[in-house]
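Note that the chains take the letters A, B, C, D and E in the order they are written out, and that residue 1 is the start of every chain.
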Amino acid sequence: MSWKLFWLLVEAARLTVLYSAISISIGFVISAAICSAVMSSNRSLSLIGRLYISFFRGTPLLVQLLLIYYLLPSIGLDVPSDVAAIAGMAFCTSSYQAEILRGGFAGVPKGMVEAADICGFSRYDTFRRIRLPIAVKLTMPALISEAIMMLKSSSLVSVVGVIELTRMAQNLAASTYKPLQIYTAAGAIYLAINIVVAIFGSRLEKRMSWGRL
Amino acid sequence: EDILAKVKADGVLKVGTETAFAPFDFINDSGEHVGLNVDVFAEIGKELGVKIEWVTLPWDGVLPGLESGKFDMVAGPATITNARMERYRFSSPVAEATVALLKKAGDDSIMKPEDVAGKAVGSGKATAQLAQLEEFSKTLPTPVDAQEFVSFNEAYAALASGRVVAVANSYPNIAYVAQQQSDTFALVEPPFGVKTYFGFPGRKDAEYASLMDAVDEALLKMKSDGRMAEMQKKWFGVAFDTPEKITEAAF
Amino acid sequence: MSSSPAIKVDSLVKRFGDTTVLNGIDLEVPRGEVTCLIGPSGSGKSTLLRCIAFLEEASDGFIEIDGEPLGFALGPSGERMRLPAGAIRSVRSRIGMVFQQFNLWPHMTALGNVSEALVTVRGMKRKQAEERAMAELEKVGLGQRASHYPSELSGGQQQRVAIARSLALEPRIMLFDEPTSSLDPELTGEVLNVMRDLAKTGMTMLVVTHEIGFAASVGAKIVFLDHGKLLVEGGPQEVFGKPRHPRIEQFLDTYLDRGAATLL
Amino acid sequence: MSFNVDLVVSFLPTILSALGVTFLLWVAGSGLGLIVGFLVAVARRYGPRPVNYLLMLPVEVIRGTPSLVQIFLLYYGGPYIGLSLDKVTAGIVALTIYGAAYYSELWRTGFEAIPKGHVEAADCVGLSKTQTMRRIILPEMTMLILPSMVNMTILMLKETAILSIISVPELTLAVSAIGTQYYAFVESFTILALLYWALVEACSAAGRYAEARLSKYRFSAS
Amino acid sequence: MSSSPAIKVDSLVKRFGDTTVLNGIDLEVPRGEVTCLIGPSGSGKSTLLRCIAFLEEASDGFIEIDGEPLGFALGPSGERMRLPAGAIRSVRSRIGMVFQQFNLWPHMTALGNVSEALVTVRGMKRKQAEERAMAELEKVGLGQRASHYPSELSGGQQQRVAIARSLALEPRIMLFDEPTSSLDPELTGEVLNVMRDLAKTGMTMLVVTHEIGFAASVGAKIVFLDHGKLLVEGGPQEVFGKPRHPRIEQFLDTYLDRGAATLL
């Protein structure tokens, strides 16, 4: 395989990284909100959270992207393809992240929350400053896994016209008829990106290694 | 609102296609979108006096995109069949789509289409080409073992790795593959089965009629003045005779 | 207001499901002194403290802090009525609490633990809050350890950080729930000394403890709880001096039985 | 856009049999993946040090590359090295390997969360390693990892769709084929979304049921 | 066999990385008596206990239980040799241990915690095991709480369940690592009575404790550990009686400081 083709893959991988990074970050903010809605004692809030998760976790990302990109225009909302791609990915990953976090929240010792109560924290502050960081720490490996999964699922955003790594590989495989080489190269690029993510993740885990709770 | 009027007013014709369908649409070594469609639409643009704006999507997204108005028509050509004509309006045919076989280079056991009797032959799932292969199989002493793939690109991979001995696909596509990868693949002449054609799908709705008429008019002009034949030669190595209009397909 | 006790507990009842854990507690905690809550395991000491800290809502009865009702008050037609959240927060902010298990936040340094509420709750600037926190940590002898995480501190040090965290918010009343029972004796000493110093400053303190020695020497008032009821209350001489209530006698016997007397 | 109900009805038998294939692939892939992942996690967490490092490489490579690429290489690349699996076997093998890599990390998260003292207490009363695993570690970590396990199992369902690339007659391939043949894309995507959603809901419901049964005790990390 | 001590520790060394935590310990724990292990924090008491329970493998030296080697023995050519797993399990099954932290299994009720090993390890029928467990729980005064999960029990109650869990297996030797550090005086007395009864039935006990009073009155033998070395050992009079070893003097001072003396 020529360097020229490989470079085309690398160029496309830049989009993969960009779209993933943006949507995973946005997704995390959404997931924290959704997770607290689900755990809320307010029943309708909790129901909304659960429906959100049910929909975005229950249907394929492909279908969600198609809905955002192709169905919204029919109700007069024309979504550009980059916005559709990021929104679709962010909604999807947030539903998974919310479920992961929920497990983490169950592991936050009650005493930590009571200490915040006593110090006069509002529920929002307790959530933001105490429960969320501890829950994130407890579920860090799962969250990093989810980020890596999402990075790979980003291949589906080609359906709204973004030519990212997988799509470029498919295009090149179709014109060069050397799919094994092209896909191996694409796989290696994904691996390289994900190794960086994993290293970043374990750094983060170390930084959060204030020992056992 | 009349779409042709809108296109002319904007000065832009938006065309959707997928770029994994050589030699009609594909990405070349320099990362450029090239192929017969690109050349044909460049000419259509000249005829209509508008610029062409390409929207490239995977095939799964192309027809939904057409239906939701993301673009005005589709370039990625499709075999014109009666079932499909119920849903879309097709342009005047731009190439023959009759089915031929691709084999591994140096495979002497297959010299003519009939030689695949009793062997594993791949094709695209739910495609017109697969249907033709199955029809052809019935005429053979022992039927072929027809293997279905999610797209032709996987079928070629299966051929290269020896999982099938041949792939049935439209003549222009196969001829191009054989020419590009002469070390690996070879064309089995002649094509077989009934004659079918490739056309560009567009919408049947009334407001699109004027646009599709104008495109047909441009295509006919290109066919009559030889531009079409020239482009076919460039991309397929041969020129095809294509009818002016298909109203009733072979199946 | 200065005439009202720091804490006034009135007919407090707390049930968990079918079990009644506190069965009508009446208690006054005087201002500026140390009141010690003793009693056997399961008698409801922690529960009472948690009700006063409003970590648990009492099932019935009332609590007043500095004469102001906490959580519930008597309504116009004589019914028990929940107060608005704002009122609860304001009354509660006068109370600090130190737990048996320290409950330091593991993701913050000692300094972070102490300064966090100053920033988040009091809205102080981070820098200013950290200066205040540092001063608090120095008071409990931990200036050198400000940048350590809880997991890097010994139990006694962790508990002193927990005390500093509470004190930084300048509470008028401090509640302690067995602050030394998960500490070794040598470390216990550090924490009890900090508490003694605090008592000298005139802080109102309500302390659940098993350190009878500490209760006897520092407690101005001793309260003995048994089976969710307040059984005996009074100064250390009244409670521990002879003649004693038979239940206290029995309670202390087990203590003497441990042989401490033989040695000391 | 219009929706052709008759078309969907006429293809119901095809759709249902494809649904069956998808379901089988899902159950086999995630079931085997769970087991293999568990063994990998146990070997990494409780085995000798070198085993941990030895297994780290394949786990990270599998987690780091798209399943599409893995399946493509296994099925179309396999014959070049004499490994010619049939498509369903190749599909299940690929899913199992892919799932095992992810599941093993979830299992490991759970192992890490068990306080050392709880295992030592089991050790002291004479529970063997397997008994400790079965009676103490697994039940205790369930509440923490159950939501992530359900997540992953749902993802495994979606991964089965990738097997269309090696022509396994599963749901996505079958339904999108109807779309290709009749150009009925709205219909096919709607059907796909509904069927996957139904399977996912069944899985989440099972997860919720398990959580409800297990939440008698509150997981405490202390 | 009856002539050998219950536990014999011979030149035991334990290192964690570069730090030597136990630095050549020789110790005999006599049968049927209570031996108390005291010493300042970090002196290695828990580590020694954990080596004897085979929760840690010693770096060097030997341990014998009832005259039988635990974990390691001297090989034919004089080298230190690891014994097969079966032999380790059999020797180890004679030992029970109660931890400083309760280490109850959070997903089982009190009854489940106590009966688990009876079913899983001893192969008893569930019903029979639960009857035994129930009896054990009643001995520590928790018959009423059998169906509660640890998170629903007070700290004191949790520790009592942990003790019952150990006793249910009828070990011949019991190791206690500060078993009463979270119990109040009254319950400590009950538990210590159980321990005394146990000693009378021929149970050998090795107790790490900070309860100097208990050590002085119940311990037939007192062992003082400092910086990983055995500093003083002997009967309570020898160790605590005057004149005392200067290090012991210093150690005891920290206790007097807590003010226990003012009362008792």
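Note that in this section contacts are C-beta pairs under 8 Å (C-beta built on N, C-alpha and C of every residue); 3 or more make two chains touch, one makes a residue touch a chain.
Quantities reported herein were computed from a predicted structural model and do not represent experimental measurements.
Participant: Over the chains that touch one another, what is the least number of steps taking chain B to chain D?
Facilitator: When the steps are counted carefully, the minimum from chain B to chain D is 1.
Participant: After a C-alpha superposition of chain C on chain E, what does the rotation angle come to, in degrees rounded to the nearest 5?
Facilitator: C-alpha superposition angle, chain C on chain E: 165 degrees.
Participant: Looking at D-E and A-D, which one has the bigger number of contacting C-beta pairs?
Facilitator: A-D
Participant: Which chain maximises the distance between its CA centroid and that of chain C?
Facilitator: Using the mean of the C-alpha atoms as each chain's centre, the farthest one from chain C is B.
Participant: Between chain B and chain C, what's the gap in Å when you average each chain's C-alpha atoms?
Facilitator: So the centroids are 81 Å from each other.
Participant: State, to the nearest whole Å, the distance from the C-alpha centre of chain A to the C-alpha centre of chain D.
Facilitator: So the centre of chain A lies 18 Å away from the centre of chain D.
Participant: What whole-Å value do you get for the distance between chain A and chain B if each is reduced to the mean of its CA atoms?
Facilitator: Their C-alpha centroids are separated by 37 Å.
Participant: Provide the C-alpha centroid distance between chain C and chain E, rounded to the nearest whole angstrom.
Facilitator: Going by mean C-alpha positions, chain C sits 32 Å from chain E.
Participant: Taking each residue of chain D in turn, which ones touch at least two of the other chains?
Facilitator: Those would be 1, 72, 76-77, 80, 115, 189, 218-220, 222.
Participant: Which residues of chain B are in contact with two or more other chains?
Facilitator: 60, 64, 67-68, 154, 157, 160, in rising order.
Participant: Which chain E residues touch at least two other chains?
Facilitator: As it turns out, chain E has no residue touching two or more other chains.
Participant: Going by the touch definition at the top, which pairs of chains touch each other?
Facilitator: Listed by label, chains in contact pair as A-B, A-C, A-D, B-D, C-E, D-E.
Participant: Which of the residues in chain B end up touching chain A in this complex?
Facilitator: The touching residues are 19-22, 26-31, 55-58, 60-61, 64-65, 67-70, 153-154, 156-157, 160, 177, 180-181, 184-185.
Participant: In the complex, go through chain D and note every residue touching chain E.
Facilitator: 115, 117-118, 120-128, 131, 135-136, 139-140, 142, 214, 216-220
Participant: Which part of chain C faces chain E closely enough to touch in the complex?
Facilitator: The contact residues of chain C facing chain E are 38-42, 46, 100, 154, 178, 181-182, 184-189, 192, 210-214, 216-218, 240, 250-264.
Participant: For chain A, which residues are in contact with chain C within the complex?
Facilitator: 109, 111-112, 114-122, 125, 129-130, 133-134, 137, 208, 210-213
Participant: Residues of chain E touching chain D in their complex?
Facilitator: 53, 55, 89, 92-93, 95-97, 99, 101, 103-108, 116-117, 120-121, 149-151, 162, 165-166, 169
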